[in-house]
Structure formats: C-alpha cells, structure tokens
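Below is one structure, written out as structure tokens; comments come after it.
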Amino acid sequence: MNLFSSRSGRYGPYGGAYIPEVLHSCIAELTAAFYAAKDDPAFWAEYVTLMARYSCRPTPITPLDNISRHLGGARLLAKREDLNHTGSHKLNNVMGQGLLALRMGKKRVIAETGAGQHGVATATMAARFGLRCKIYMGEEDVQRQRPNVFWMERLGAEVEPVRLGSRTLKDAINECLRDWSHSMDDTHYVLGTVCGPHPFPEMVSYFQSIVGQEARTQLLELEGGLPQRVYACVGGGSNAMGIFQGFLDDPVELVGVEAGGKGLKSGRHASRIASGEGSVGVAGYRSYFLQDADGQMVDTHSVAAGLDYVGVSPILAYLADSGRVRFTAAEDGEVIEALKLTMRLEGLIPALESAHAFAAAYREARQLKSGERVLISMSGRGDKDIFTVAEALGDASWLEYLKRKAGG
Amino acid sequence: MNLFSSRSGRYGPYGGAYIPEVLHSCIAELTAAFYAAKDDPAFWAEYVTLMARYSCRPTPITPLDNISRHLGGARLLAKREDLNHTGSHKLNNVMGQGLLALRMGKKRVIAETGAGQHGVATATMAARFGLRCKIYMGEEDVQRQRPNVFWMERLGAEVEPVRLGSRTLKDAINECLRDWSHSMDDTHYVLGTVCGPHPFPEMVSYFQSIVGQEARTQLLELEGGLPQRVYACVGGGSNAMGIFQGFLDDPVELVGVEAGGKGLKSGRHASRIASGEGSVGVAGYRSYFLQDADGQMVDTHSVAAGLDYVGVSPILAYLADSGRVRFTAAEDGEVIEALKLTMRLEGLIPALESAHAFAAAYREARQLKSGERVLISMSGRGDKDIFTVAEALGDASWLEYLKRKAGG
Amino acid sequence: MVETLEQSLRRALASKPLLLMAHLVAGYPSFDDNLHMLEAMREGGVDLVEVQFPFSEPVADGPVFARANQTALERGTRVSACFDLMARARNILPGPLLMMGYCNTVFHMGEGRFLEKLAAVGAAGFILADLPPELGADLYGRAQALGMSGVLILTPNTTLERKREVARQARGLIYCAARKGVTGLKTDFGGSVEDFLRDVGAVSPLPRALGFGVRAPADVAFLRGKAEMAVVGTAALETYERGGARALADFYRRLQEGVLTGGREA
Amino acid sequence: MVETLEQSLRRALASKPLLLMAHLVAGYPSFDDNLHMLEAMREGGVDLVEVQFPFSEPVADGPVFARANQTALERGTRVSACFDLMARARNILPGPLLMMGYCNTVFHMGEGRFLEKLAAVGAAGFILADLPPELGADLYGRAQALGMSGVLILTPNTTLERKREVARQARGLIYCAARKGVTGLKTDFGGSVEDFLRDVGAVSPLPRALGFGVRAPADVAFLRGKAEMAVVGTAALETYERGGARALADFYRRLQEGVLTGGREA
C-alpha cells in the first residue's frame, strides 16, 4: 500500500492544505524541497546516519516476558522509542526536518508542543544545527510540563506560552502558523505530528517510517516472524504512522489507541475516531475532529498532554475508514494502571502517552493465542511525567518535597 | 595490560576485601560465582544480548562538531552512555550483577545510591528480574535527588534514607554492608562502582568494560583511528574504568576527572587524587581516601551527588600511581559552564557528574592539534539533575512553579 | 437578479476615489454592540462591511481578532445568530455585506445550506481565510451561480504565476494583504505596498481592497489612486473598545476625510 | 614479660565458670562518662573490657554503636585520647583490656606506632572488626611478638574450613558472634548458638567469648558451660544511658548472679 504515490496530500477525502494564502508560497517551497530530498537517496542515508550517531537508532525491541506471563496470552514486545535522545520518537521527525531546513537555508525554526517532547526535541535539534528556535506551548501545557520548559530554555530556545483558545496543543499550532505567516523567509516550521497542511502529514510519516522499517526487520530477525498486532497511541498520529508503516502490506492488525480521558461518555476525552463523536472537519487539513454543532473545535481532555489534541492525522482517518487501522481508546485510570504494571514488572517507564498503547494491548492480550506476537510502540519515556504521575498517584512525600524546595 | 590476571583483588598496594568476618562466606560465594561466570563465554554473550535488547547497546559515539569548532583544537567526541535505559552507564553494571544474582539463586537485591542513578538502575533490574529490592540512600542525597526516589519506589523498590555519618554515598554503602551481613543468604548486594571489597572492583570493571570495547571498535570504524585522549569523571570510578579499559594498551592518554567542588584549596571538594589531599586508607578496600589526621573519613562536596564520595577505585589508585591515568579536577562553577555550553551548542544534556569530564576536556582541548581526537565519557543524562541545575542557575520561574505545585 | 459585488463596487467607485471597507466580529463584544458598530459605520460613510463569523481556530487573525473570536464564542455566539446579524445589518447599511470566516464553518453546515442562508440574508459574498482557490473551486462555483462572490486574497509574497491563478478564480474584489503575517500587526505603507498593488492590478481588473494595518487617515490617503478600497479592521475595533459608537463614527469620518485631503489634517 | 591475654583468661576461669566482657565506645557519651562506666564495670565484677576507638565508617556496628561512634567523633574524640582512656582504665580495672575498632585507625597511624602505644597503655590485645586474618597476618604477627593478642571473630555462617583457618591464626580468645548481622540486634539463644559454640570448641582450644545480643541474666545463664565468656555491649550502653553508673553496676551484678543461679532470679 503506497499512501503517498500521488504526492497530492490527499488521503481519500482527507488531507489537503487549508491555509491562509500568505502561507502558500512557503508551503510550496517546503513541498518542493521535501520531494527533492525524498527523491535523493543520499538524503535518507544522511538521515539514518545522523540518527545512528546522535540518537541510538536502531532502537531495540524489548520482549515483555514478565507481563506476557502475568497476563497470559500473547507475547508482548515493545519498540523502544523511549531510548531515543530526548526520550521519544519525536526526535526522528525533528532531526529529519532539521536536515531539510538546513537544505533550504533556513536560519530559524519554530514548533508547537503539547507534552513538551516535541519542543524539547526541536530545541535540541536547533542547538545541534545552530538554528534560532522558538517554541509555542499552550499555557495549560506549560503548567503540566514545566521540566520540559526548563530544558527547552536551557537548550537555547525561547518558549512562548499560548494564552489563546483552550491553551493546549491546537492553539500552539495556530500560533506557529501565525508566526510562520510573517517569518517564513528565514524560518522553518517544524510541525510535530502527522497532521497539519500537506506536506506535513506525508513528511512526518516519511521520517517516522524509520521506526516501522526497523521494527519489521528486527522482528523477523530476532523473533522469526511478524506480529499479529501492533498497538500505538494516537495523538496527532506520528508514532502510530511511524510503526504502522512497517506493516501496512502485512497481515498484521494495526490498532490506534486514543485518549479515553475520563471515559468516552464523559465528554472529557480526546477520542476523535473510537468514540464515534468526531466528525469530519477542516482545520488546516481535512480529517476527523471533535467539534460542536457549529463546527467549533471543543476542549479535549487526557492525562497525557501529548494526546490532548482535537484532530487526528488525515492519513489515519483514511486508514480508519478503510478498515486498515482499528481504533480504540484507553481511559486515564487504565492508563495509570498499565503504567504502574509496566514499571513494576518490566522496569520500563512509558510516557503517559505511550502507556495508552500498553493499556489497550494489555486489555486485549488474552484474545490472542500464546506465542502470537503483539508489538507495542513505546513512543517515549515517562520521566518527564513525574509531576503528572506523582499527582495522579497522590504521592505525599513528593508533594512535601516540592514544598520544601519551593520554600528554600 | 591485564589488571585482573591474578584474580587476587590486589592492584599494587590497593584493593583487597577488608570486611567483617560475617561477610566472608558471601563474598567468597560471590567471588566464585563471578569467576565461574567470567570463565563461561555464554555468560558474556547473554549479557551483551540483554544489553542490546533491554537497553540500546552499543551506545553511539557522537562527534561534538560545534563545540570542537567553538573551542578550536581537538575533535571532541562523546560516548553516549546517557542513552542507556535509565539514563546512565550504571545500568551496565547492574544488569550484569542481576544476571549473576539469578545464577546464584538470590531473591533480593540491595544497593547504595548517591546520585540516584545506580538506585534507579538497580530498582529497574530488580523489577525486570522479579527480585525484591531495597535501596539505601544518604539522607542528604534523598533531598538532592527526589525524582529518582520517586521512580525507585514506583519501580517497586523500598528506599531507605540513611541518617548516619555524613548521610551521603559512603554511609549508604556502610548501611548496605550492614544489611548484607544478616541478609546474605537470599540477598545480593549490587555495589554500584569499582570500589568496595574484592571482587566488586573487578566485577564492576568487567561489566563496564563493554563501554570501552564498543568505543574502541566504533572509533576505528567510524573515525579511522584511536583518540589521543579519553576523559571520564571519577566518583568511585566505574564509568572511567569502563571506557579506559578499551584503551589501556593503546598510546592513548587517559584522564580521570574528580569533583573539584568549591576549589581544591577550599576544603570543599571530593578530589582524592588530583588534590594531593587524599591519603592511603582502608574502608572495605585499600585506596586513596580523604581523611583527617586520625584516619577518619571527612565530608566531601560536589555539585554532583554521584561524585561526592570519599574514596576512589583501588584500580584507579594503582593506575594513577603508575602514571597510566592522569588525574585532574573540575570545579562546580566550570562544570555548570560546561553543561550550559554542551546544551547550547550540541543539544546534549550531560549529567552533572559527566559534565566534569566535559569541563576538563574543554579546558584542555586547545592543547591538542586540530584533528586529534578526544573521547569524552558522557556517563549519564542530566534530566535527573533538574532540581540541582535549576538551583545552580537560579531559575526563578522554576521556583515559582514548585511553589504552585506544592500548594495545589 | 440583484447586483453582483463587483457591480455594486463599480457603482460606488464612480462617485468616490477610494471605498472604505469595515470589519466586525459577530457577537463581539456582543450582538448589541455589533448593531451600534454598524450604525457608526453608516454614519461614518463606510462602503462595505465584512462580518466575521467567529471560529475556534482563527489562524489568519492576529491577537486582537483572535481574542475577539474566542470571546464571542465564550459568550455563546452561534452561527445562526451570525446570519441573523447579517440580516439586520442589511437594514442598517446601504453597501454590500460580506461574510468572513474560516472554511470549517461552511463545511460543517454544508456548502449548500451555507450559500442558501447567505443568499437569504442578502450577502454579496464571502471571504474564507483558509480556503485556497484550488480547494474551494466547487464552493466558489456554486456561489457564483447564486450571484455571490467568493473573495480571494493575495499577499505580496505570492509569485506572479500564483497571482495570475488566484486572479483567474477571484470574484467581486481582490483582497490584498499589505504584508505577510496576520491581522493586527504594523504595516509600513510605502513603495512595496504600491508595487504590490500595481502587480495585482496587472493580473486582475477587479477592484483591489488593501487591508492589514490600515489605521490612520494618512494610510488611507496613501492608498488613494493605488487601490480601490481600504480595509480597516483592528484599529476600528480598538477605537470602539476605547470610545464606543460615537468614537467609531468619528474614526471612519476622519478616514473619509483622509481620502479627500490626503491625510494632511489627521 | 607480662601475662598474655590467654593466660589472664585461664587464670580468671579457674575461679569462675563464665567471664563477663564489657564494651564501651571511647568518648561516648564523653570521656568522663567512660570513667564512670569503668568504675561501674569494676563494681559489677566485669572481667575484661573492650574499648572501641570510634571510626567514621563503623560497618560492623548496628545503629546504637554506629551512632555512638559518630557522636564521639562529632564531640572531638581523637585517637590519642582513646589511648589515654585505656591507660586510665588500666588503673581502674584489674582485668585485661582490649582495643576494639577498625583497621584504618591502625594503618593510618602506622602498625608499629599503634602496637607501641597499645603496649604502652598496657592493653592485652585488640579486635579489628574489618581486618580478616589473611590481610592482617603481618600486624597479628608483630602484635604477638610484643606479647599482645590479635583477637579474631567467628560467625555461625563460617564454613568449617574457614573456622579452622581462623582458629589457626587466632590468639587470646575467639570472639564468637552469636548470629549474622551487626551488633545491637536481637539474638535467639538456643540450639543453634550451642551448636556454633561446640563447633568453635572443636577447632580451637582458646576461650570462647560469645557476643552479639547478650542482654539478660537468662542469656548469660544459657551460656554457662557452653562458652567461656559473655560479651555485653549494646544492652549495657542502653542501661548506662537510662540510669547512669549505678544502674550499670547493678546491671553487671545481675548478670553475674545469672551466671551463678542460671538466671532464674532475673
């Protein structure tokens, strides 16, 4: 299945580039530069080498023997994007776009960030590539992810809290587009997921495809066979697209896990597809969105800032419609339980985002026969979530520590 | 140079096992089990495989192009132990000892920790291997490294603050020995560095040698030659021994960097060798220690909890005496500057411990001709140090954030 | 059939060198305020008005309008009420009315229903800030069939080829953004704006409305003879917020004088 | 030449079935207290005393003694003052005196100087908790040449082979730790302690001092006929801290009675 052969940025009825006219030329420039790079085999080779030397690609696949035994059923394995430099799959996309920005002669990058991971990754890339950097982050996320803000600043980036709208990821994206509409001459906008106007969904998919490519090869080599299922959490959809691309043409069930928040019936979630509450809309691109009766985007909720996003990849919308990707959701509570179990039994600390994929895989593991393989995208590590996790677990001594630190 | 051919635990006048008689049998059992494993080629293969699948070994070597250009002089490269699972080289040793503990049929592990990295690594290993786990941590370090305590507990370990002595690393080691003297039947003590009674210095060196082995091969392959110098920070000395072992027989200058604290003349440092203030003593093993006129161990100081240790590896003491390893120190202030520079120019966040190696390498980079290579041991990542770094940098908004979090 | 947008504008231009186009965000600060603003526009001699339907993702808007969009929505502004406002505006103002907004509002209600309602309230056309001509061909075509104009935007950084392409599909007027960026930022009126307007004139015979950053009589004076319309957005909203309807009417009146006197008395 | 440790003990054992060995941490709570404690030991009939030189890393000590070591050091206790204390103890107590501590104290001052000073204050020997026989051969040999005994420790988890090896090098007495672990924890006196003492008796003819957890007359009574000495450490220090010298003397006296009555009156 080649999703990108047309180079049109359309995936069934989804995708496109719904942008203010002022952005037309820079999107056109970017599209041309991207395809030129994609057609240049040296570019991919340069990218792979960079990721091998600056991060630790290929990232390993870790069998979750203890949890598999504990649950009974499938053999669970995790693709370890948490081991990437900066702690998540976000770096893959960012370093790739960084190489492209250098090719285009840009001197500055901007990026939105929700969980902060994409912001840290972008600030890191900018430091490494000598680019000026500004990160837009919803004010609510600045609160949730303060450690990431601290590191972005230390890496030399300017972090701008976005006070408009719901003050989360979508508003940070809007603010980036605003910045870009006057800064495009020297600035590249490093969009962090497989959403936004064409060519971003295709471009980010392209860079993230390294994950699925590696995973497929590794499984055949180490496990002697393909997985029966692959689970990935879906915020915008970049880690999912990354890993899914390794298995699109295989008899492998692909499962996207959205943020079920307080429950799909609660109105406090971020499930655009699994909930059935999403509807087709346009905000830069055509896809499923959570919107009200007038097409206004609504507030979403998730314990994981990186999944707390109102839209979803147009490519995944297409793959969901066509039945190639099944969508489900995991609620905050299950996610925390899955996180706890993964820490206790495997010594792994998935990011809260990634823990959604673990939660769904755990829930469904018994549907499979023992020996059948389930690959889970461990898109990031959970260290960054200490404030959220400690709060969710009600850790008293942590609170006391903060009190002392704040006082001192 | 084979430091370990005698299997005696003596390195010149240093080393040995100065332990209470009650520990004799378990040290003897451990020594036998260790040599049996060392003599079993399948054991090393199992270890290497484990580290490849559970962590991301081999860890890459990253050229620091920007800093090399900025400083003028040598070509600097970093061995990226920060990319290990749990964020430091400590995992290497811990997973190796974990395999050994399983071979010995132990059901429980204990460990001391200073910076918290070794504790987190041990708690992780224990979770993965299904062992009960207790971590002893000097009360002062519990204060400095609260996030690590949080994760150790979440990983299922019990963390016991040690209130005796200077309430730092050495006291945590003492407390482990006390625990071990009655728990040895089912318990393995996972010592975290190349110190302590034989066989620990040799055993930890053995597991950490994976770093130097990889580094040598990688440099020859990727850079086409050996480095002129290798820098590593030295707390107990495990990351230094790990990387140095790759180059002991090569014409490579090996430089150990101790914690210069507030200055070598200030009395507030942890430099046992470079300061000239250390003297030979015995605390479990014979080596250099910082002691007073009566042989009492004195309080040490470093901005990096993991270097804040009164003794040093007997093997490094021997290599220092013989001139094979040169020792120097980096002071807190230079370390913070080196950390800042590394973040800004390379997008890397070394742990405060590792930043000592960077600081010394930066200071001396201009002594080398351009094109000559300097390899730096980036033993860990600095995320864990956010409280310390934010405090050192006087970050106001971080403090404000803590205040709000503590209140809420 | 009623006059098209272009016909109305040409008629007005016959007696006036530069038309004044005003802007309001429906439901901001409130619908009552909107009515006062519309009265002030009439008093101030405004020639045509764009009524912005607030949207939750106003990416083409700068901080002032973006916040106005958000506040309007927080105060419960519904799309149906925006149409109602247009219907009432029709009775207040003699000149053409344009719906302005983002395409999700249209797609969500359905293109057919949107055009129907827009026609029903007597609008002359619409401007969708995020709908490029190639993605809106269908909508723009259907609008024209109903006698309404889908207004397109050009910016100075558009290539000549692209300008031609946009001009080919444009109807009613060409909305010329004076500079890159979003609404509400400062614009330097000078040679580059003049060059831009000349370029647009070279690719399209349609009246040119110059917007983004028009704040003062001198700006309007500058545009006389170079564009056919001046669009005043952020500065007008700020004036209303500071001084209410009376100040707003004065503000437009002074701009009209600017057209005539060259701004020398401002 | 003065009597060796073993000779002194054998002489005392001729008239008493079980000797009482006491312990104090030099400088804790203070040197004055140490003198009061020594007086109490004499009154209470203690037969020999180990004087612990505090060390910053007391790994073989449990919490009570570890803290006592630390506090003594915080209060400025110097090694020279510990020797002085031993010299004064010599004048208070008739029985043998042992230095107890950790080997860094010895190595730091130098083995020669250490032994010289120890002989000068009239000590019968020393116990270094972290100096195994194979690493202390030189020191132990030199001590013997000066008529002093390097006391070694055995624990129940030692293999027979190792017991033999330790016994071969041991001088003066064999210090038998009743159980694994550090000082100050609870010990169950029963069959396993008895077996252990019998095993030690089988490898060495030296008097056996049983320590670690001896707290009450019943414990002492239990040991009568199974060991040659009972070592009372933590319980005595706790008694002194609670009740001072008088309570301590009573405490030792009650232990002595335990030896004679089998603890039935305790």
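Think of it as A, B, C and D in the order they're written, each chain with its own count starting at 1.
Going forward, a contact is a pair of C-beta atoms (placed from the backbone, for glycine too) under 8 Å apart; a residue touches a chain by one contact, two chains touch by 3 or more.
Only a predicted model underlies this, so the values are computations on that prediction, with no experimental measurement involved.
Which chain's centre, taken as the mean of its Cα atoms, is farthest from the centre of chain B?
Using the mean of the C-alpha atoms as each chain's centre, the farthest one from chain B is C.
How many angstrom lie between the centres of chain A and chain C, each centre taken as the mean Cα position?
38
Just give me the whole-number Å value for how far the CA centre of chain A lies from that of chain B.
So the centroids are 34 Å from each other.
I'd like the Å distance between the centres of chain A and chain D, where a centre is the mean of that chain's Cα atoms.
Using C-alpha averages as centres, the distance is 66 Å.
Quick one: report the Å distance separating chain C from chain D, using the average Cα coordinate of each chain.
98
In graph terms, nodes being chains and edges touches, is this line, ring, star, complete or other?
line
By the touch definition up top, name every chain pair that qualifies.
Going through each pair of chains, those in contact are A-B, A-C, B-D.
Which part of chain B faces chain A closely enough to touch in the complex?
Chain B residues touching chain A: 52-56, 59-63, 66, 80, 83-85, 87, 123-128, 130, 143, 146-147, 149-151, 154-156, 222, 340, 343-349, 383-384, 386-387, 389-390, 393, 395, 397-399, 401-407.
In the complex of these two chains, what residues of chain B are touching chain D?
It is residues 16-22, 24-26, 28, 164-165, 170, 174, 177-178, 181-182, 184, 279-284, 286, 291, 294-297 of chain B that touch chain D.
Enumerate the contact residues on chain C facing chain A in the complex.
Residues 55-63, 66-67, 70, 73, 78-79, 102-105, 107-109, 129-132, 135, 152-155, 157-159, 162, 166, 177, 179-182, 185 of chain C touch chain A in their complex.
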